[in-house]
Structures are given as C-alpha cells and as structure tokens.
Amino acid sequence: MQRLNWGLIGGGEGSQIGPAHRLGALADGHFALAAAALDADPARGRDYGARLGIAPGRAYGDWREMLAGERGRDDRPELVTVATPNSTHFEITKAFLEAGFHVLCEKPMTMTVEEGEEIVRIAQAMERICAVNYCYSAYPMVREMRHMVASGTLGRLRLIVASFSHGHHGDAAQADNPRVRWRYDPAMAGISGQFADCGIHALHMASFIAGDEVERLSADFASTIASRALEDDAMVNFRLSNGTVGRLWTSSVAIGRQHGFDIQVFGETGGMRWASEQPGQVMYTPLGGRTQIIEKGEAGLSEDATRLSRVAIAHPEGFPMAVANIYVDLAAAIRGERTGALPLAGDGLRSMAAVHAAVASAGQQGAWVDARPPMFR
Amino acid sequence: MQRLNWGLIGGGEGSQIGPAHRLGALADGHFALAAAALDADPARGRDYGARLGIAPGRAYGDWREMLAGERGRDDRPELVTVATPNSTHFEITKAFLEAGFHVLCEKPMTMTVEEGEEIVRIAQAMERICAVNYCYSAYPMVREMRHMVASGTLGRLRLIVASFSHGHHGDAAQADNPRVRWRYDPAMAGISGQFADCGIHALHMASFIAGDEVERLSADFASTIASRALEDDAMVNFRLSNGTVGRLWTSSVAIGRQHGFDIQVFGETGGMRWASEQPGQVMYTPLGGRTQIIEKGEAGLSEDATRLSRVAIAHPEGFPMAVANIYVDLAAAIRGERTGALPLAGDGLRSMAAVHAAVASAGQQGAWVDARPPMFR
Amino acid sequence: MQRLNWGLIGGGEGSQIGPAHRLGALADGHFALAAAALDADPARGRDYGARLGIAPGRAYGDWREMLAGERGRDDRPELVTVATPNSTHFEITKAFLEAGFHVLCEKPMTMTVEEGEEIVRIAQAMERICAVNYCYSAYPMVREMRHMVASGTLGRLRLIVASFSHGHHGDAAQADNPRVRWRYDPAMAGISGQFADCGIHALHMASFIAGDEVERLSADFASTIASRALEDDAMVNFRLSNGTVGRLWTSSVAIGRQHGFDIQVFGETGGMRWASEQPGQVMYTPLGGRTQIIEKGEAGLSEDATRLSRVAIAHPEGFPMAVANIYVDLAAAIRGERTGALPLAGDGLRSMAAVHAAVASAGQQGAWVDARPPMFR
Amino acid sequence: MQRLNWGLIGGGEGSQIGPAHRLGALADGHFALAAAALDADPARGRDYGARLGIAPGRAYGDWREMLAGERGRDDRPELVTVATPNSTHFEITKAFLEAGFHVLCEKPMTMTVEEGEEIVRIAQAMERICAVNYCYSAYPMVREMRHMVASGTLGRLRLIVASFSHGHHGDAAQADNPRVRWRYDPAMAGISGQFADCGIHALHMASFIAGDEVERLSADFASTIASRALEDDAMVNFRLSNGTVGRLWTSSVAIGRQHGFDIQVFGETGGMRWASEQPGQVMYTPLGGRTQIIEKGEAGLSEDATRLSRVAIAHPEGFPMAVANIYVDLAAAIRGERTGALPLAGDGLRSMAAVHAAVASAGQQGAWVDARPPMFR
C-alpha cells in the first residue's frame, strides 16, 4: 500500500481541529503530509510545517501560494483538507477542486446556499470528491445505527430526537473574549451562531442514520446572553421526506454538559440511543423487549462497523479515530475501492440550506419553511 | 399526633395510581382511610374497600353516595383524594370542595380552562385546600433544586430543558387496545393526548423549580401512529414571565425510554440536571467548575429537602415516598403548620391553559400563543 | 383484611432504622402499631409512642415492661420488631419468642454463634417465625435474580462478587466521635466492625441469590484508621457448598461511595449485576449475547418480583418499600399464606458464624476456615 | 522534528495488539516504520510489511534476520517494539537491548523473575530504555490521578481497590478452542493465566498511581472451568511499602463485563475512581464534600495530563491514543527530553515477581508472601 500525498490548509499550531486531522490522516498510514499552508500567519505556518517534517519549499505561507506551488507537481497531494475558519472554506475549496484536487472541507462547507450549490456543481463537473467533515458519522456505532435502519430493524422511522449542547460559552463575563465573541457576531460568523456551529452535526447525523433528507423545519432561536446578536441556543423541529418527525436542541450555554451530542431514533419496531461521550455503545430496544447494549467490536455487526473499528471490544476508540475513519474512507474512495457512507458536498449544501431555513423560521415566529436547497427540490 | 381521616375516590383494585395514594397517605401515619368510593363498578368498589379495612357502610359504590353519606358525619374525612379518570375530576372535586372538604385531585385537574378557573374560585371561596398531584415536585431533590434557584445559586435562569418520554404506547398493534386507545381519542381524552398526560408534569416542574410561570408557547404535535387523532409526541417551546427560555419534549412512542422524565436548568452561574429514574441525585455544575453530585440526605441541604427525606444518604426513596411527601405537606397544611411548596389548584389551572394553548399553537403551525389562564393574565 | 397488631422495640425518634420499620410495617396496611418500647430513655420512648398514636399504657418505657404488659392481652402484637443496638438483640428476641410472639430482629441477630443457635432452637420449639431484617433481599429485582438462578437461567454458578462499601467513617478527625467510635470498639461492637455491620448483608445476599450456603472463607481485615481496634475494611473470599467462588469487599473508608452495595453473579450461561443505588434494574448478559436491562415492573417477571412491586415500570421503589416487602411476607406468613423467601433465624445464625470465621481467618493470616455454624455442619 | 526510525516485531496482520502499536507509533508523527518482523510465518510477515510500506529488504521473516539486517545500518531503528507472544519476549528484548536498541516490550516482560532481573541489568548496562507497555498508565486521567496522589490531594493513601475482569473466556464450549486454551495451559502460558494476562495491568496501575511498590500479597485463585489448569479468576490482597491496603480482582469468566478495568483509590482526605470504559473522567470526592467529575481537557489539570490530551474537553480519546502516549514519551526520552512516568523494565520485573508470589500464595491457601523481586528487596 502506497501512501497517498496529503495537503493541509489551516489546522496550525494551537488550532482546535488541526490535531484531529493530523492524527486522523496519519494514523492508519494511508496518507503522508506532503504540503501545507497551516496558519493565518505565513511565517508561523511555514515554521510549523517544517517542524511537522514537510519537505522544504512545501510548507507554504498561504493557500494561494500552495495551490500555485503544488498544482503542477507530479507528487502533488491527492487530497487537500481545508481546516481554516468558516468564511474561507468556499474560496479555498472551490480553487482546489477546480485545480483537480480531492478536498475534505471542514463544516460548515460554505456561508451561503448559492456557494454550496456551486461547490456541488464543481465537484460533479471535475469528477472530484468533495467530502465534508461530519466526522461523528464515521464512528463505527453510528454506521451500525445507519445499517440497522437501512436493514429494517426499526421498521419505518417515526421520530428522531437529537441534541448537541455544551456550556462552554455560558460565561457572560467571557462573552467579549475574542475567542468567543466572533461566534455570535454576524460580521464574522454569518447568519447563525450555535446552530451553524454544532446543530448541523446533529442534523446531518439524523439524515445520515435515517438515510433520508430534511424537508422542512421550524426553529426557535434564543440569545440567552444579551450582548449576542446570534443565537446561543436553538430548538429546531423538522420533518424528513418520508414524514419522520425530528427534534433537535443545540446550545452553548448548557453549563455542565461537556460534549453533549446524543441522538435517539424511534421506529415502528424499536428504538435506539447513542451519545458522543460513550461512542462505542448503542442502547437498542426492540419493541416489546428489553434494552440491549450493542458494543463496538462485538461479533455480528455490519461490515462497515466492523471495518472501522481498530481495537478489541469495549476498548474505547475516541474522536481522533472517528476522524481517521473519514480518512480511511477517503483513501478507499481515491483508490477507487468500495467505501462506506462518506459525507459529501451535497450534505454540506443541505446543512447550509437548513441553516438559512432555520434563521428564516426563527425570524418568523417559528413558521415552517422548506429546508431543502433549491437544486435538490 | 392524631391521624386525619381520609377519603379516596377512584384508585380501585388494579388501578395504576391507586397504590401510590394508599401507600403515600398511610406511610407516615398522618392519615387513616375512613371512607372511599374506589371503583367505577359499585360492587367491586365496596368489596375492595371492605378488604382495605374500611368500616362497614363507609365503602361506597359511588362518589355521590359517599358525599351524601359523609358530609354530615363528625368523623368525616378531612381530605378527599380524587384518583378517577380525567373527565370526572371537575365535578367530583367541585362537589367535595363545595361541601367543605379539602381535596387532592389527580392531574389534569380539569378538562377546560373555564372549569379550572371555577375550581380555583371555589377553593378560594370555601377556604379549602385544593391540591393537584404533581407528585414529582415533592421529591426531596426537586425541592432542593427549587431552593437553589430561589436562593440565587444559579443566577438569573436562562434556559430550562425538560422531557417526559416513554415508549409504552409505541406498539401500533396495541393502538386499538382499549387501555391505550382512549388516550388518543378526543371523545374520551379531550383535546390533547400525551402532552396533557405527561407533558404537564414536566411543564409544572419547570415552573416549580424556576419559581416562575409559563407565559407563552409554541407547539409541534405529531401522531406518529396514523390511527390516532391526538398527539403521541409533542415538542413545546415556551417562555417564562421573566424571559427564561423553555423547551419540553414529551412522547409515548420513545421505545426504550421507560420513565424518561428529566429536567435541565441553566442559569448565569450554573446548571443542573435531574432524572426521575435516579431521583435522589442532582448533577450540579457551577460556572467554570466541575460537575458535582448532590445526594439526597447529605449534610447542609435545604430545610425542605431534609424534612422530606426519610432514610439515610443514598438509600433510594422512590415514587411512593414522593407521593407520601404530598400527603405530609397536606397534613401539615390541614393542621395549619408550615408546609413546603404544595402544588395547588392554580397550578392545575395553569396546566390546563397550557394544554389549550399548545393545541391551538400546534393547529396554527407553531404560532406563539399566550399560555396563561385569563384569570391570571 | 384485618390489620395485624404490631409491636416495635427500639427505632425511637431520631434513630436510623426506625423510620424504615414504621413505613414498612404501615405502608400496605397489613400492620397497626399497637405497642412499643421505642427508646433507651423510658420517658422519651413513652412520649414518642404517644405521638405515634399508640394507645395510652401501651407505649412502654422498657421492653421488659412491654413484655409483661402485652403477653397476656388478647390483642397483643402478633409480630414484634427488635430494632435496638446489636448487643441487646439476643435477649429481647429470646424473651419474645419464648413468650410466643413472632419476631423480626434487626441484623446482626446475635453476638455469638451459640446465641444464634439458641435462637434457632427456640423459634423451632415455639413454632414461631423469627425473621432477620436482610431487607435488601426483598427488593423485587433481587427476588428476580434468585428466581433466575433457581430456574437455571445462569446455569451452574461459578462466581459471585459482592461489595458493600461506603466512606461515611472515613474521617479520622471523627473517629473519636461517639456515634462512630463504638462501631470499632470491641467492648461495644463485639469482635467485628465493618464486616459484621455491612458485610453480612452482602454475604447473605450472595447465599440468597445462589440458593446455597457459605461453607468456608478466608479473610483479610484492615483498620485503616490507626486508633481503631476493629476492622474498617475487609476482603473475604469464600466458597459456597456447591463450589461457587465468592469474593466480598466491604469498607467504611471508601470516600465517595455512598451506598455502595452491589453484587455480580456469574454462571455457566450468563452473568448479572445489581446495585442498591439503582435497585429497580438488573443488568443481565446471556452467554454470547448482549447485556440487557431487566426492569422492575416489566411483563413476564417471576411471581415474587411482580407481587412485591407496587408502582409502574421504571418508577423507582426505594429502600422503604424493600423493608415493606419484608412486612408483606411476614403478614402472609403469620396468616399462613404462601410467602417469598423470608430471611429467618437460620440466616442470622449463619451470618454470625461467618463473622466469627472471618475474624479467626484474619487473625491467622487469611487461613481458610469453616464458616458454618456447628449445628448446620 | 525528524521522525525516529521504528521497528516492530510481532503485531502482524490479524493480531490483537498490532493495530494499537501501529496507530500509536505513527499517530503523532514521532516515528516512521522502518523495519519489521511481523509474523510467526515469515512469508506472511514479509508480505504484510511490504503492504505497510516498509522498504524492500527491511520487512523481515524473522526477528533474528531483522537483528542481523538492521544492527549495522546507519538508519537503523532507534526503537524496537516487541509484540509477540509472551514466551518470546525475553530473548527478543534481550537480544535487541544488547545490540543497543531501545525496546518497548509487551507485557508480561518475561516468564520468570530471573529473566526479569536480567533484562533490568542489561538495560542498565547498555544505557538503553527498556519500556513495558502498561499503556493504561498513559491515559491523561491516570496521569492526573498519579499527580493528585503525589501532590497530596488525597493525603496518605489507605486503600486501593482494582479490578480487571471480562467474560470473554466464559464459554466452556470454547475452552478447547486453541485461541483460548493456550492461555490456561502451563506449557504455553507459564505459571499463571488470567492474573498474568490482565491482573498485572491493574497491579501496575495501583503502584503507578500510588507512587509506591507492592511489598507482599495473598492470593486466591480459581479455575471455574474444570478443564483449565491455570486460574481464570483471581483475588489478590496486597500491601504497598507504606502500608496502603490493596485488593485486586481479575477474571475472564465475568460474563457481561466487557473491558472491566477500574480502580478506586482512597486516602485520608479523599477518594477517586476511574474506569477504562470511560477513560476521560475521574470521579473525585474530597473528604466531607461532594463527588466531582474531573474531565480530561478541563483547565488546570497537571502538566502531564494536559500534554497527553489531543482533542478538546469531553471528546473521547480512546485506547489507541493511550498507546500513542507511550510512544510520545518514548520519543521524548530517546531525544533526551523530559518525559512523564514511562513504565520501565523495573516495572515489568515487579509484575513478574508478583505473578510468582501470587501463584505461590494461592498454592499455600492464601499465605502472605513477599512480592518483591530479590534485586529490589
């Protein structure tokens, strides 16, 4: 197995998500870090790239420089990851796709629905993969849940209840701290705060597990800290295409919840529950039966859940391994092998349409609005 | 301490809530069962009453008979509990209040807002206690949470997130079973199914802990089993008078949740969480600090939480003891002693107003509507 | 159903276990408190008895007085509960049995094996019930576990691992507090501290669930606070008659464990686990299958577990209801009806033999010793 | 940062622990897999090595071949990992240490105490690192517990209670399956089964957290499946040098426990608890205070716990990252930088002495025996 060359944009020293990408891409030996533009500060980016072992000249100060330097090389990256702040995702992703690179873009993929549609079209036209890092969907047990729904274990789905809530922005005294403030400032974060930041992970997962799409929604937004222009708490009711009812709560002022991402899925013949803080287990209850604990690594799980688990039953495999699973599937896709269910540009676009729909609904007292991007209606 | 005479209407043999009332009223020796009309079937009611040790002639076949037989006695009950099906609560409660009895009425107190207002007025006019059995509010640790909010531990409240969801009506094949069907049939259950049955417990608790009232709400109802006219799943967003944001999910098709009543309360300086399946603990997180487990029975709890706990720290005290605590406070109130926060007719009325508001909102695509009873606006 | 007259010795105002006995005996209406000698202080005992509603003259200052006053009455108690300090159990229990009363004695039943054998003989000779308050064995789900073992669900038992550990005596600064000190002082507590206080509950439960008896054991005792003559921490390895391996840890210095009583039972075809802080659930794992949660109140449980549960599935039923179940079974036994598995004098005797065996073993560097009372060898 | 060359022996395709080593060594980019002898079958080993991207000629069929091929190279591995079956650890580790390589050896390091002492002496003489893969000690929160003890948060330690129990060998019908049988066959596994396999992890952790050594112990072994010559269940009581009491249960027939490794540590001023299935949290209770949840990634943790955590608070970091932390510390040690507390040959030797002591004790009815290797007495 030859390693694939990999490029990374953003995710510099001290960044939040950078370590997970580096761990994820390198862990299984599928990728080698060949080129990067790691930091908003060119000198810091080059220096850190050198320390990460990137060959001289390939640790760039800027993504445009990197695009220029890499596009013509024989050993250019097969995959480029975009892990910069949200507002830059669109132009970087677009530029690399157009130059024929496969891209893994952080969420949210774009700031507008139009940009999202453009990315989908470019990826299609260029016949390149544009994946979006909905990494929770790559936990083995989330794949197992998707498999259980697809194979009919739960019957027709009736109801999905998800939450992604934490309390890390609950301190009003910190609201003006620049590391926090930008998230609730429309000038920097766009039209949505907490829902665009965390809610879309949960909304994607609902679709992902259901194997269905969000059709319409109604939202209630709140800025519980007065100085915030954007919501720090949101409740979104939605319906999937086949009528499944959805309920999604997301908050950043839920003091005491740390990484409170969980999802419950209820169908005609059973229910199940998963939580990101104990990601190796699914609680499953067949209709009329007892709740059972499905363990990552147990015998008889689906091919996908089995393939994406690396260590023995009940040995926890954390968040970095979920990101690594995205890279496993990307490597396979790039090599033309069969992959699991990678989140793609279409998913990123749907999220953006849902964000815009939720903002519109919240602005109209919770009116129900179409949540689909025009191109998928 | 002289036992108080007690009368029970409904709660016959095999009923769901009857045992909790009998245990609750008798457990501490405050009440003695003096008279009863236990069953819809007069003969069964008389027979069961006799087996419970009620004196001959005071185990009635019917509540009207009981009212007639008891109202003139010197040793008539000081308190009458109404534990019959919902549609009968109003007339029975009204009749006994008007005859000068104290009443503990099961929830929901009435079927309409008008009836609720009438009960409030009668109780006031007669100077009788009309309590409503929001028994979860009598768990020591729920009282502790209320105390913590009142004493400012959490600062101004921002957000309350509650759920009361189970899966016991999730079997479509059982939907026509009469024990289940009536709950979703407007002819028998009134205008609301699951929200009026379980949701109002959670809504009451939100108000109870916050020490504040629900002002307006927006609802999304679903009948996930097609044959049901009334909702088996509901999401209600609400606002308390002081602006606290509320979110409440209730469901009877959440297969795998057994007694899924839990509540999270978030304020400016902390958050907390309680669940009915582990009622002796509160998870409390001060802003910027670690999550702590507050245990029923630990030193230094509020007077109310301490008073209502009967056995040592970490010995579980279950649902029957919560109901018993309602009776403890009723006995104290009847004796003119200081009590904790008994849920009263005003609370029952507010619930009814909220039910009607939620139905109206759900029928108008989630429009926000006033949730207060006219008499409290 | 006629109430049975009941007498209570000890369990006075402010006592630890008294409230559980009063709740337990009264809750279901099987017993009425007819006579009592509640307190070491005669005046306090009489006064409290009067406040509990005992008829004048039947609230005694002393158990001997009570025995004298009650033995000749027609309406004398059918059952007398002994809830005084340990060293008095033997003489009180003996005296009441010999006078023909049924007795429920608190644990430990006696201080010596010889006393224990004497109680067994007297109960037999008098044809009276002498029960011992191993109340945890009366939780519905503990009865269910016993049933599962008896009906072969786990196959032959291989291993039982139990612990009963708390940290409430972990503060060295409190070691001289009289409420704590007596427990580790041989003059008052006898030959064993924590093992005789809590360990025997766990040892009884192991036997109870297994339906088998402890044959031999090896113990390691420690006094982790130097001033203590008796152990505050103990590990006991044991073997049941049929070879099942047992391991039991008990501690009073396990700071952070509150009511840490749990038991795991492993057989050829499955394992299960129960914890006293969540007593309504058993975690059960069939060999080769998934862990399942068995819920109190679910359909299809054994007759005994069903009968002893009072409220609906997943509504917690706490410690007072476990004690009440002991009284339910006592009432049935007194009435000559079929009962579940009441812990009897033989069980109390076996505990005493095990305590003496453990002390002997701990004193001989963990040598294995016979744990059976001579009369049962 | 230059990658260090790394060699791997054992851990071939389909092996249990191989993936964790590859993930762990590669994840952070400290090591590059330069040479390997991966499999008992030379052809399979060479082929798999090639597929892992090892340069032609450096994927060896055999460790002796690898030693011969690598020892003279300039770019020879700086670290060699030994992940072969237990009985081969000694000779491979010895050979590579003597040739001047740093070694990370899987546990148990050797089969006898004498071999263990020899390894310690060789590592010392050669001035090479010989680490042992007690990888659980590299979880950030285990490091935090060690730090808390060292800095006096718990006061003098009184008691440590550990268990490492699972049920994966609980099926008697599988007892003759070769994958299971060898573990209980003295010819292949040596003198101890489950205790040498899992128990020593827990025993090491007790020492590690306490910062103290096991001095003496008493053991009770059981073979609950009759055909087994070696124990599948063991209880070991021990004492640390400073008198701390220890209790350790390990089992492979605990059906329903999956990866049941947990440890409780109790001192004069507090207690704490950690479990391998939720490795990012420590439950900590200060004397007289409430139980608190310490979260990996929270502010204010020790330098070591902070350094070894890669993703944000409450994002789980599983078993592969614990192994990676061993490699992080090895890379630092090789580079002469400051490291955390790496488990070294002395720890491997102590484990071996404890295994031999436990076997001796179990064979003498639990007699207390010295658990220290002669060279450390």
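We just call them A, B, C and D in the order they show up, numbering each chain from 1.
Heads up, the rule we're going with is that a contact is a pair of C-beta atoms (placed from the backbone, for glycine too) under 8 Å apart; a residue touches a chain by one contact, two chains touch by 3 or more.
Listed by chain with UniProt protein names: A, B, C, D = Oxidoreductase.
It should be emphasised that the depicted structure is a prediction, and the values quoted were computed from it without experimental measurement.
> Per the definition at the top, count C-beta pairs in contact and tell me whether B-C or A-C has more.
Ranking B-C and A-C by C-beta contacts puts B-C first.
> Quick check: how many Å separate the C-alpha centres of chain C (Oxidoreductase) and chain D (Oxidoreductase)?
Chain centroid spacing, chain C (Oxidoreductase) to chain D (Oxidoreductase), equals 42 Å.
> When the centre of a chain is set as the mean of its C-alpha atoms, what distance in Å lies between chain B (Oxidoreductase) and chain C (Oxidoreductase)?
35
> Distance-wise, how many Å sit between the C-alpha centres of chain A (Oxidoreductase) and chain C (Oxidoreductase), to the nearest whole number?
Taking the mean C-alpha position of each chain, the two centres sit 54 Å apart.
> Counting only residues that touch at least 2 other chains, which ones in chain C (Oxidoreductase) make the list?
291, 295
> Going by the touch rule set out above, what shape does the chain contact graph take here: line, ring, star, complete or other?
complete
> Provide the residue numbers of chain D (Oxidoreductase) that touch chain C (Oxidoreductase) in the complex, in ascending order.
158-159, 161, 165, 167, 170-172, 218, 220, 222, 224-225, 233, 235, 237, 245, 247, 249, 251, 253-257, 264, 266-268, 270-273, 283-285, 287-288, 291, 365-368
> Quick one: in the complex, what on chain A (Oxidoreductase) touches chain C (Oxidoreductase)?
290-295, 298
> Within the complex, which stretch of chain D (Oxidoreductase) touches chain A (Oxidoreductase)?
On the chain D (Oxidoreductase) side, the touching residues are 1-3, 16, 19-20, 22-23, 26-29, 33, 51-53, 166, 168, 258-259, 276-280, 295, 310-321.
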